[in-house]
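Here come two complexes built around subunit A, the first alongside subunit B, the second alongside subunit C.
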Partner chain A sequence: MGRNLKFEIFRYNPLTPDIQPCMRTYRLEEHPSMTLFIALNMIRERQDASLQFDFCCRAGICGSCGMVINGRPGLACHTQTCDLPNHIALHPLPVFKLLGDLCVDTGVWFRNMGTKIESWIHTAKAFEPSVPEERMDNALANHIFELDRCIECGCCVGACGTARMREDFIGATAINRLARFHIDPRDNRSPADFYDIIGDDTGIFGCMGLLACDNVCPKNLPLQDQLGIMRRMVTIESVRGIIPAFIRNKLQGCGCKQKC
Partner chain B sequence: MRVYHSDVLCMGAGLAGERVAVEAAQAGFSVICLSIVPPRRSHSSAAQGGMQAALGNSIMGEGDCPEIHFNDTVKGSDWGCDQEVARLFANTAPIAMREMAWMGVPWNRVVPGEHTYFKGGKPFQAMEKKENEGLIHSRAFGGTAKWRTCYTSDGTGHAVLFTLDNRMLQLGVEVHDRMQAEILIHNGERCMGCVARDLRNGELVGYFAKATLIATGGFGRIYRATTNAVICDGGGQITALETGVVPLGNMEAVQFHPTGTVPTDILVTEGCRGDGGTLLDVNQYRFMPDYEPEKGELASRDVVSRRMTEHMRKGLGVKSPYGEHLWLDIRHLGEKHITTNLREVYDICMHFLGVNPIHQLIPVRPTQHYSMGGVRTDKDGAAYGLRGLFSAGEAACWDMHGFNRLGGNSLAETIVAGRIVGEKVVEFLKGGVSDFSSQALDDAAAQVQGRIGALRRGRGEDCYTLRNAMQDVMMEHVGIFRNGKDLQTGVDKLQDILARCKTMRASHGGGELSMALRVPGMVKLALCVAYGALQRVESRGAHAREDYPERNDKDWLVRTLATWKEGATLPTLNYEKVTPFFILPPGDRGYGSGKIIPGKLEDGDIVSFAQQV
Partner chain C sequence: MIASSFPAGARSRLDFWQVASGAILALFICVHLILEGSVVISPKLTDGIAWLLEATCVAQIAAPCLVLLILFHFWIAARKMPFRAGELGVFVRHSRCLREADTWLWLVQVFTAVVILAGAFFHVYTVMTDLPITVAGSAKRLHSGWMAFHAVFLPCVILHTGIGIYRLAVKFGICSKAARNRVRATIWIVMGCYLTLGTLALSRVWFLE
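Coming up: the complex of A and B.
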C-alpha cells in the first residue's frame, strides 16, 4: 500500500463565471514512480472528467504542464509524488491568461513575446543551396544551444516579481532568447538594436534582481548570468558618446574575454 | 460560425507542417496553421537524436553521398519504400540541413584533431580533418554505412523546431493553437479545408483553404505503451480516412523503438547506442552480438526490437512490477559525454526513473514509436483521392520508409518533405482557381455537431474505457510479433469496440469531449493496422508474422491502401506497386537474417541512381 495522497486543486472555468473559483479535494493512493502526470490523469479518468490540465510530451521536453506545485512553479510531468508531502496543492501559473482550472494560455503569450523581440536571425544574406554551410566553432554552437534549450513553459514568468506587477514585462525567458541571438554571429543586430528592444522598464531595467526565474527554471538555464550580461550590454550602450569606446569595449561580455 | 479563408491551411504545426507553411509564406501566400498545442510543444520537439543527410564532413562519414544514404534507406525499408521518393529525399537532405543552418539551427560542428569515439561499446581514436573544421558534424545511427546524422546535442528536434517557428514569426504566419481539426470539407473530389473545434471554448470554426495539408504526426496512442506524446492520436489520418476516398498507406507498418524506458515509456535516443551504449540481459550479459555479429546494437530498429523480445522470451529479461525489461548500459561513456552529448537522456533518467545513468543501468523495452503508414500521397505530397489535399511528415505515407524507417530519417523527412511538398503546394496554388462551397462547410459542421450531440445523449461507456480497451487489444494482438490467430482475435475485438463507440457518453465539454470525439476514429485506425497486418501474409521490416516468417517478394512487394466506406465495420484494402522502378533491386539487408521468397523483375524495372525517368 502506498501513501494516501490528498490533492487540493484550483478549480475555475471562465466560461461559467457564475461558479466561483474554489479549491477541490481529491484523494489517490500513491504508486511507485508516480508523477503528477500519472496522478492527474487518474483523477480525471476515475474521479472527475471535468478537470482541465495540459500535458503533451509528458517527458519534460515540451513545456506544456507548468503549474504551481505546493507554491512553487514547476513542470508537473517531471515532478514525482514521492518527492512531495502527502498534501499536494496545485494552482495554475499566475500572469498568464487562465483558460480553466490548471490550464493557462502560454501559447499566445510566448507568440506575442517572440514577435515583440523579433526572435529570429536578422541577416541580409540569402540562402545559397549550392554553397557549403557557413562555418561555426563547435563551442559556440554548444553555447547557443545552451541558451536555446528554453522550452517556454512559463515557470520563470510565473515566478517573477516584476511580471506579477506589470503586465508588459517581457520576462527572463525573452532576455535569455535575445542573449542567444546576441552571441549568434549569423544575427547582425547591434547593441543599439537590442537596446531598442529591452532598454527600458518593460525589458531588462524592469528586472528587480529577485532571480526566482533562475531558481525555478526546470531546464536549469543560466538565467541569472544572461540577465547580468544583457543588462551590462544595454547599459554600456546607453552611455555611448559619453564613455570612450575603448572603455566600453573592455566592459562588454561577461568578463571571460570571449564574446558572451 | 467563425469562418477563415487562406491559401494554405496546415493541420499540425510541428516540423513538417511549419516547413510547408514557411515555403508557402516565403512565396507570398497566406497560411494558417492549426495546432492542438502551441506549435513549439509539438511532438517534433521531443526528437532527440538527429537528422540524416549525406554531408560527409565528419571523418566517420567520409566519402558519404546521397546514393549511399539512399541504399541504407531502401535496405532499412526492407524494400517496402518508393525508391523514387527515397532518392528525392536523399538528394535533397544535405541542402535542407544547410538551409536550417542558415535559418539559425546551432548544429554541432566538426572539431579537428583526435577524438575518442565508440563503436559497439569499444572506444577507438579518429582524426577529424582540419579542412572540415566548423562544418556540420554527424553521429552514428542504426542501419547506416556512414556516420550521417546531423545533430544539436540531443535536442535536435527542439532546436530545429524553435528555429523554424522563429522563421514563422518573422514571416508573420498565422497560428491558431488549441484547435482540433475534426473533419475535412470536401465534395468527394476536391478538399476545401476543414472544420475544427476550438479547445478554448468548444466552438466549431470553419477553415476554407485552396490547399490543405495534413501534418499531424503519428498515431502511436492507439497503443498503450508508446513513446509518442499524448496528442499523437492520428487526428489527421482520421479526417482523411473518414472522407471515404482518401486511402491510408501501409498502416500495418508500425515501428517499435528498442529503448523505451520502463515504466513511463519515455524514449531514450538511439544516439545512446550510436555513441556506444550496449544492451544487457538479466545476467548483465551483452547479447546483441550473438544475434547480429556485425551490427550488434546498431542493426535497424525492427531487428533490434525483435531480438530483444526474442531474448526476453528465453527467460533472460529482467522481471519488474511493470513487466519484463532489459538494460541499456551507457556508464562506460563517462560523465562528461553523458552530461553533454546525451544530456536529455541524463535528465530523463534522473527525473522520471530515479536512475543515474553515469553509475546505473537504464531499464528499457521495445515500445511503439513510429507510424510508417499514413495518408498516402504521390511524390509531390498530394494525397490520393482529393485534389487540394496534401500531407507531409509522419502523418503521410510519402513513402520513403516502407516497412521500417531508420533512426534520423524521419526527423530529416519532416524538413526535406516539408521543403519539397511546400514547393509543390506553391505550384498548385499558382496553377489553379478554387471555389468554396458553403453547403459543403455546413454539411461538415453538421456532421461534427451530430457527433457531439450523440456523445451528450450517450448512455454507454465513457471514452477512457473504450480507448483503454483498444490500446490493450493493440498491445496484446497487434504487437512486435504477429500471427494469424492473434490478429483475427484483435480484429474481432476492435470491431466490437467500434460498435460500442456508438453509444459512448461524454458528459463534460473539456478534455473528455475532445478525447471522445477522437476515439471512434482511433479504433478505425487500429482496425486498418490490425486488418492490414492480418491480410499481409509475409514478414517485412517491422511487420513480423510468426506464421509467415519469409519476406515474400513474389506476392507482397506491394503497398496496402486502406479506405473506409461509410457505415463499414472494416476498411477496404487495395494494393499498389511498391515503387515505380527499382534502383536497388530487392536483396538481403545484411542484418535480420530473414528468408526471402524472390520475385521476378522485368528488365525495364531497374534504372541507375543518376537516371531520371
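Coming up: the complex of A and C.
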C-alpha cells in the first residue's frame, strides 16, 4: 500500500473568466516510482478530464512541464512523488501567460527573448556551402554545449524575484544564452555589443543575484557562474574611458579562457 | 518579457558605482569596527587613536564624506528596492514559497539598509558635534540612552556589510558556485567575530568607571 497523496491543484481557465480561480483537491494512492507526470495523468483520466497541464517528452528534455511544486519551480516529469510530502500543491509558473490550470505559454516569452538578445551567431563571414566545416577544439565545444543544454522550461524565470517584480527583466536563461555566444569564437560580438544588449536594469544590472534561478534549474546549468562572468564583463565595459585599460584587463579574468 | 523601457545608447554605470561605493563603505566599516574595538584592550589606546585621527583632520574630513557616500550608495541601490506598489508584497510572498536562503538574504539587505540610512545620520551627527572623541564621552552618551540605538545599529551594519560582501562576490563571479557554501559559512563566522568584538566594546564602555 502506498501513501495516500493529497493534491491541491490550481484551477482557472481564462476562457471562462466568471469562474473564479481556486485550488481543487484530488486524492491518489501512491505507486512506486510515481512521478508527477504519472500522477497528473491518473487524475485527468480517472477523476477530472478538464484538468489542463502540459507534457511532451516526460523525460526532462522538452521543457513543457515546468510548474510550481510546493512553492518551488521544477519539472513535473522529473519529480518523483516519493521526494515530496503527502500534501502536494501545484501552481502554474508565474510570469508567463496562463493558458489554463497548470499550462503556461513559455514559447512566446522565449521567442521575444531570443529576438531581443539576437540569439544567433553574428559573423561577417559569408557561408561557403562547398568548404568543409571549420573544426573546433573539443574542450571548447563541450564548454559551449554545457551552456546550450537549456530546455527553455522557464523554471529559472519563475523562481526569479526580479522577474516577478519587474516585467521587463530578461531572466537568467537569456544571460546564459548570451554567455554561450560570448565564448563561441564564431560569434564576432564584442563586449561593447553585449553591453548594448544587456547593459541596463532590464538586463544583467537588473539581476539582484538572488540565485534562486541557479538552485532550481532542472538541467543544472551553471547560471550563477555565467551571470557573474557576464556581469563582470558588462560592468567593466561600462567604465571604458573612465578606468584605465590595464586595470580593466586585470579585473576581467573571467576564467572562460577566451579573449574578452 | 516586454520591450525594454531603458533609453537605448545611454551608458548605465550604476552597477559599477553601486559596488564601488558598497566596497568602500564595507572597507570603512571593517576598519572602523576594529579601531573602535581597541577599547576592549584599553580605553587609553582608543583615545590615542581618536586623538591621532582628529589631530590629522582625518575624522573631520572623513565623516561628511562618508555621509555623502552613504547617501550616494543609497541613491543608487534604492532603484533595486521594492518601493513600487505591491512589489514588496510580491517579493515576500515569493520568498516564503521559494524557501531560498539567498532570496531571504536580499530582503535582510533591504531592511538593514533602511535602518542604517536613518541611523548613520544620527550617529555621525552626535559624534561629530561633540568633539573631541573620547571613550569617556561615549560612555556618557551610552548611558543617556544611546545603548538601545547601538544594540540595533551594530547588528544591522554588520549584517548589511557581511551579506553585501558575500553578494558582491557572488554577483561578480568572484565566488563561483562551487565555492558558494564555503564563502557563505566564512562570512557568517566573520560577522560573528565582528558582532562579538562590537558587543565586547560596547559593554567595556558601558561599565567604564
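Operating definition for what follows: the second predicted complex is superposed on the first by the 253 of 260 C-alpha atoms of A that agree within 3 Å, B and C clash if a C-alpha of one lies under 4 Å from a C-alpha of the other, contacts with A are read in each partner's own complex, and residues count from 1 in each chain.
The criterion applied here is as follows: a contact is a pair of C-beta atoms (placed from the backbone, for glycine too) under 8 Å apart; a residue touches a chain by one contact, two chains touch by 3 or more.
Note that the structure is a prediction, hence the values are computed from the model and not measured.
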Which of subunit B and subunit C A:G228 touches, first, second, both or neither: second
Partner, of subunit C and subunit B, that touches more residues belonging to subunit A: B
Partner chain(s) touched by A:E29 [first = subunit B, second = subunit C, both, neither]: neither
Contacts of A:G63 with subunit B and subunit C, given as first, second, both or neither: first
Partner chain in contact with A:H78 - subunit B first, subunit C second, else both or neither: first
Partner chain in contact with A:I170 - subunit B first, subunit C second, else both or neither: second
Which superposed partner A:T202 touches (first subunit B, second subunit C, both, neither): second
Common interface positions of subunit A, toward subunit B and toward subunit C: none
Subunit A partner contacts - residues on subunit B that touch it in the complex: 37-38, 40-43, 45-46, 95, 97-99, 101-104, 106-111, 133-137, 152-153, 155, 158-159, 162, 165-167, 169-170, 175, 177-178, 200-202, 229-231, 263-264, 266-267, 321, 340, 344, 347-348, 351-354, 462, 464, 506-508, 510-512
Complex interface listing, subunit A residues touching subunit B: 15, 32-33, 35, 44-45, 49-64, 78, 80, 99-100, 105-108, 110-111, 114-115, 118-121, 123, 125, 127, 129, 131-138, 141-142, 144-145, 148-149, 151-152, 184, 186-187
Residues of subunit C that touch subunit A when the two form their complex: 1-6, 8-16, 19, 79-80, 82, 84, 87, 90-91, 94-100, 102-103, 106, 167, 170-177, 180
Residue numbers on subunit A that touch subunit C, as the complex places them: 68, 71-72, 109, 112-113, 116, 159, 161, 164-165, 167-171, 174, 196, 199-205, 207-212, 214-215, 222, 224-225, 227-229, 231-232, 235, 238-239, 242, 254-255
